[in-house]
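Each of the two complexes below includes subunit A, the first together with subunit B, the second together with subunit C.
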Partner chain A sequence: MSLAAQVGHLARRSIVRTLRQPASSIPPLIFPTALLAVTSAGLNSATRLPGFPSSSFLAFFLAFPFIQGALFATMNAGTDLARDIQTGFLNRLALTPMRGAALIAGHLAGVVTMGFVQACFYLTVGLIAGVSLATGALGAVTILALATLIALAFGALGAFFALRTGSGEAVQGLFPLLFVGLFLSSMNLPRNLIEIDWFRFAATVNPISYLIEGVRSLIITGWDGQALALGFGIAAILALVSLAAASWALHERLTRT
Partner chain B sequence: MRVKAFFSVALAVAWRVLHNVFTTPALLLPSLVFPLFFFVAFAGGLSRVSKIPGFHFAPGYTAFQFVFVLIQSAAFGGVFTGFGVARDFESGFARRLLIAAPRRGGLIAGYALAAVARWMVTATILTVVALAAGMNVGGDGVDLFGLYGLALLVSLVGTLWATGVAMRVRSMQAGPIMQMPVFLTLFFAPVYVPLSLLRGWLHAVASVNPATALLEAGRSLIAGDPAHVALAFAAALALATGFTLWAWRGLKSAERAAA
Partner chain C sequence: MNQQHGIEAEGLVRTFKGGIRAVDGIDLAVAHGEIYGFLGPNGAGKSTTVHMLTTLLPPTAGSARVAGFDVLTQGPEVRRAIGAALQEAALDPLLTGREHLHLQCALHGIPRAERRQRAGELLRRVGLTEAADRKVKGYSGGMKRRLDLALALAHRPSILFLDEPTTGLDVQSRTALWTEVGRLAREDGVTVFLTTQYLEEADALAGRVGIIDHGKIVAEGTPDELKAQIGRPTVEAVPHDGTDPAAIARILERFGERTDGSPKGVSVRLGKGVGELAEIVRALDAEGIEVDHLQLHAPSLDDVFLAKTGRSLEGAAEEEEAEEGA
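Then we have the complex of A and B:
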C-alpha cells in the first residue's frame, strides 16, 4: 500500500472517530464561542480606553476562539493517540508495513480537519454578530489558513506528549499549562495597554500573543506584514518542532515495542 | 439516634472525600490553581480597565476582581465535588454507600461539608496571594465575615446543584451539565466592570441574574460600604434551599435506580 493510501486510511479513521464523539467535537465549538460572547459583552466598555485599537471589542476578541479551539485540538489529538497506545492499537499497527510518517500524518489529518471546521464556525459566528474584516474576503481565507496551521502545530504537540507518555491523563494534564499560556497573553488587551509590568513582559515573551495578534491584525488592522510574519512564523516553527518531536517519540516508542 | 446516624454518615463521607482530594494532586491542584490563575489573569492583565470613564471602585481593580474570583472558586469548588459524586457512581462505590448508610440524607450533607472545607483552603490561599499582590481592603472584620459567609453559601449552592446532577446522571459525562450553567451564570454578571458600565443584552441579563447581587454585595463589603447585602444573602439562601430540594430528589432518583 502506498504512503498516501496509508495516510488516507488513518486520516479517515481519525476524522470519523472525532465526529462520532460529541464530547470531543462539540466543546471546541461551544466553549470558545460562549467565552467570546460573555467576554466581548462584558469588556465592551474597554473600547473607551485611550489608544484601544478598535471600536468593537467583539472584533478585537474574535481572535481568541481560534487559539482556544487549537488548544482543544491539542487535547483531542493527544488523548485519541494515547488511547490508541493504551488499547494496544499502535502495537498492532507496528506489526503491519505501515510507515511512521503515515501514522502521524493520518492522525493529524483529523486534527487539521477539525481545526478548519472550527475556524469556519468561529468566523461565521463573528460575521453574523456584525464583525467586518478589515482585510475582506482574502483576509478570511488567510485567517482560515493561519488557524489551520495553528491547529496543526498544537495537534502535533499533543501527539508528541501522547507518544512520549502513552497516557491520556498526562495529555489532559497539559491543558491547564496551555490555558495559562493563553490567559497570560495579549488576548484581553493590546500589550501597550497592559498596565502591570510583569504581565506585559509575560505577554511579550509569550508566543501565543503573536498567534493571537496575527489573527487579530487581519480582523481589525488590515494587512500588517509584521504581525502576519510573526503569526505564521511562530505557528510554522511550532509545527515543525512539534512534528519533529512527535516523529522522534514515535520512533522511540516503536523501538521499545 | 436518627440525628446521630445522619451526622455519622455525613462525617464519614466528608472525611473520605477530603482524604481523596488532599492525597490526589490531580484532584486537588485544579481547584487551587485555577482560581489563582484567573485572579492573576484578570487582576493583572485587565487592571487598565479601572481607567474606563465611569469606573469607580475605591479599593482598586485587584479587590474588584478578588471578589469575583472568590465567588467563582466557591461555586466551582462545589462543581468539582459534584465530579467526585459522579465518579463514585461510575465506579460503583456510591451504590455501596447507599446500601451501607442508615440515613442517606447524610450523603448529601457529607459531600456539602467536604466541599465547604475544601473551598476554605482555596479561599485562604487566594486571600494570602491577593494581599501579597497589594490588594486594598476597605471593609472591617464584620464586612469581611459577611463576604466570606456569602461565598460559603455559594459553595453550598454549587455543591447541591452539582450533586443533584451527578445523582441523576450517575456518570462523569455529566461534567459539562454541571459546569456550563454555573459558568454562564457567573459570566452573565458584571465580571469585568460594574453593572452600570455594561451595555446591551449583557446588561439586561445581568440585571436579573442573582449572581449580580452576590458580586455587588461582595464588592461593597470589601470596600467597606455595604449595599444590597440583605438581597444577596436572601438570594443565596433561596438558591441553597431550592438546590437542597434538587439534590434530595436526585438522591431519591439514585435510590430508585439502585433498587
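Then we have the complex of A and C:
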C-alpha cells in the first residue's frame, strides 16, 4: 500500500475522531470568534492612536483567531496522539505495515484539514462582520494557505510533545505556555505602537508576531512582500523543525524492528 | 534453529534501564498449529517476551524467528505473518467496530472490495454483527476483547499472539473466547502463543505450557506432563460421625501411602492414579463405612508452579505487584 493511501486512511480516522468530539471541534471555532468579538468591541478606540494601521480594530484583530485556532490544533493533535500511545493503539498501528511517516502525516493531515475548516470559518465570520480584505479574493486564498501552514507547524509541535511524553496532560500543559506566547506578541497592537520596552522587545523576538503580521497584512495592508515572506518563512521553518522533531520522537518511541 | 517451528527463540534477553532483566535467556520452540500457553504471574516477563516476538521491542541479546523470519532483521516480514491482541484491548473509543476492521484491513493492504466482506465475516465470527456500527466506547469488556481478536485476524495471520486475552472477563466471555481460539488452531491451523496468569486457561487451551518466573522458563511441557512431574493425585475421606477413622485408613492404605490431609480427614497418595477412585468408593461401600466427604485432589499447574518456584501463582502475583509498587 502506498504511503499516500496510508496517510489517507489515518487522516480520515483523525478527522472522524475530531468531528465526534464536540469538545475538540467546537471550542476552536467558538473561543477565538468570541475573543475576536469581545476584543474588537472593547479596544476599538485603539484605532485612534496615531499611526494605527487600520480604521477597524475588527479587521486589525481578525488575524488573531487564525493563530489561536492553530494553538487548538496543537492541543488536539497532541492529545489524540498521546491517547493512542496510552491506550496501546499506536502499538496496534505499529503491527501493521504502516510506515512511521504515514502515522505523523495521517495525524497531521487531519489536523491540517480541521485547521483549514477553522480558517474558512474565521474568514467567513470576518467578512460577514464587515471586514473587506485589502488583497481581495486572492488574498483570501493566501490567508487560508498561511493559516493551514501555521496549523501544520503547531500540529507537528503537539505531535512532538505527545511522542516525547506519551501524556495527554503534558500536551495540555503546553497550551497555556503557547497562549502566553500569543499574548506577548503584536496581536493587540502593532509593534511600533507598543510603548513598554520589554513588551515591544518580547513581541519583536516572538515568532508568533510575524505569523500574525503575515495574516494581518493580507487583511489590512495589501500585498506586503516582507510581512508575507516573514509569515510564510517562519511558519515553514517552524513546521520543518517541528516535523523533524516529531519524526525523531516517533523513531525513539516506535522501537519496532 | 528448526524451520519446522512457527516460533523459535534462543537465549532471548531483554534488559531495561536500571539493569532490570525482564526476560532472562528464554528458549522457545512452538510448532505450527500448536497452542502454546505462557503462564506466569504479573511482571514475570510474559508481555516483554510477546513484545520481542512481535517485533515491537528489540531483544537485548539472543535471537528469535517467527514464521521463519528473524525478529530483529526481518521485522516487516514477521508483522505480515502475525496477528496480535496485546494486553490492553487497544481500541479507539470513538470508532465503531466496523470502522476499526476497515482501518485494520486497509492498513494491511486488503483491497477495498474485500474489506467489507472480510469485516462482516470477522464480526460474525466474534458475535459482534449487531454491535458493529456502535462506537467502541459503549462496548463491554468482553466485546472489546472479541473485537481485538477480530482485528488481530484481519489479514489472516498464520501465527497469533494473545497477551492475557481474558483478563478481567466474565466466565461467559472467557469461555466464548476460548472456543474461538481453540477453533482457530484446530480448523485454521493457526499457531497460537497465549500468555495468561490463569491456570485453568492454560490447562483448557494449551497443548504445551511454559511457566515463566522472574524472566526465566522454570518448567515446560504438556499440562499432564507437568502435573505428572509433581506426583500422583491424593484422595481424602472425612468420616461420618461415629465412623472410626482407623477403619477408613485401613481401606485407603490399600490404594496408596498415607499423606498429610485435613485434621478430620484421612488422606492417601494414590499408587496408580485417578482410576482408583471408583475402587475406593466400592471398597468403602463393601465395608459399610460412611463418609461425609470424599475428595480427589489432582495436581494442578499451581502445584507445578509452587514446586518449581517455591511460591503459589497467586502469591507470586501479589509479590510482583508489591515489588512494582515499592
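Note that the second predicted complex is superposed on the first by the 255 of 257 C-alpha atoms of A that agree within 3 Å, B and C clash if a C-alpha of one lies under 4 Å from a C-alpha of the other, contacts with A are read in each partner's own complex, and residues count from 1 in each chain.
Assume a contact is a pair of C-beta atoms (placed from the backbone, for glycine too) under 8 Å apart; a residue touches a chain by one contact, two chains touch by 3 or more.
No experiment lies behind these values; they were computed from the predicted model shown.
> Give one of first, second, both or neither to describe whether A:41 is in contact with subunit B, with subunit C, with both, or with none.
First partner only, subunit B.
> Is A:191 in contact with subunit B, with subunit C, with both, or with neither (first, second, both, neither)?
Neither partner.
> Kindly classify A:49 by the partners it touches after superposition: subunit B alone (first), subunit C alone (second), both, or neither?
The answer is first: A:49 touches subunit B but not subunit C.
> Look at A:21 in the shared chain and tell me whether it touches subunit B only, subunit C only, both, or neither; answer first, second, both or neither.
Once the two structures are laid over each other on A, A:21 reaches subunit C alone.
> Of subunit B and subunit C, which one touches more residues of subunit A?
B
> Is A:98 contacted by the first partner subunit B, the second partner subunit C, both or neither?
In the superposition, A:98 contacts subunit C only.
> For subunit A, which residues lie in the overlap of the subunit B contacts and the subunit C contacts?
Residues common to the subunit A contacts of subunit C and of subunit B do not exist here, since the sets are disjoint.
> Can you check the complex and tell me which residues of subunit C touch subunit A?
54-58, 71-73, 75-76, 78-80, 82, 84, 86-88, 90-92, 94-95, 99, 103-104, 106-109, 135, 151
> Could you list, by residue number, the parts of subunit A that touch subunit C in their complex?
Listed in rising order, the residues of subunit A that touch subunit C are 1, 5-6, 9, 13, 16-17, 20-21, 84, 87-89, 91-98, 255-257.
> Spell out the part of subunit A that touches subunit B in their complex, as residue ranges.
For subunit A paired with subunit B, touching residues are 23, 27, 34-35, 38-39, 41-46, 48-49, 169, 173, 176, 179-180, 183-184, 188-189, 193-196, 198-199, 203.
> For subunit B, which residues count as touching subunit A in their complex?
For this pair, the touching residues of subunit B are 26, 29-30, 33-34, 37-38, 40-41, 44-49, 51-55, 173, 176, 180, 183-184, 187-188, 190-193, 197-202.
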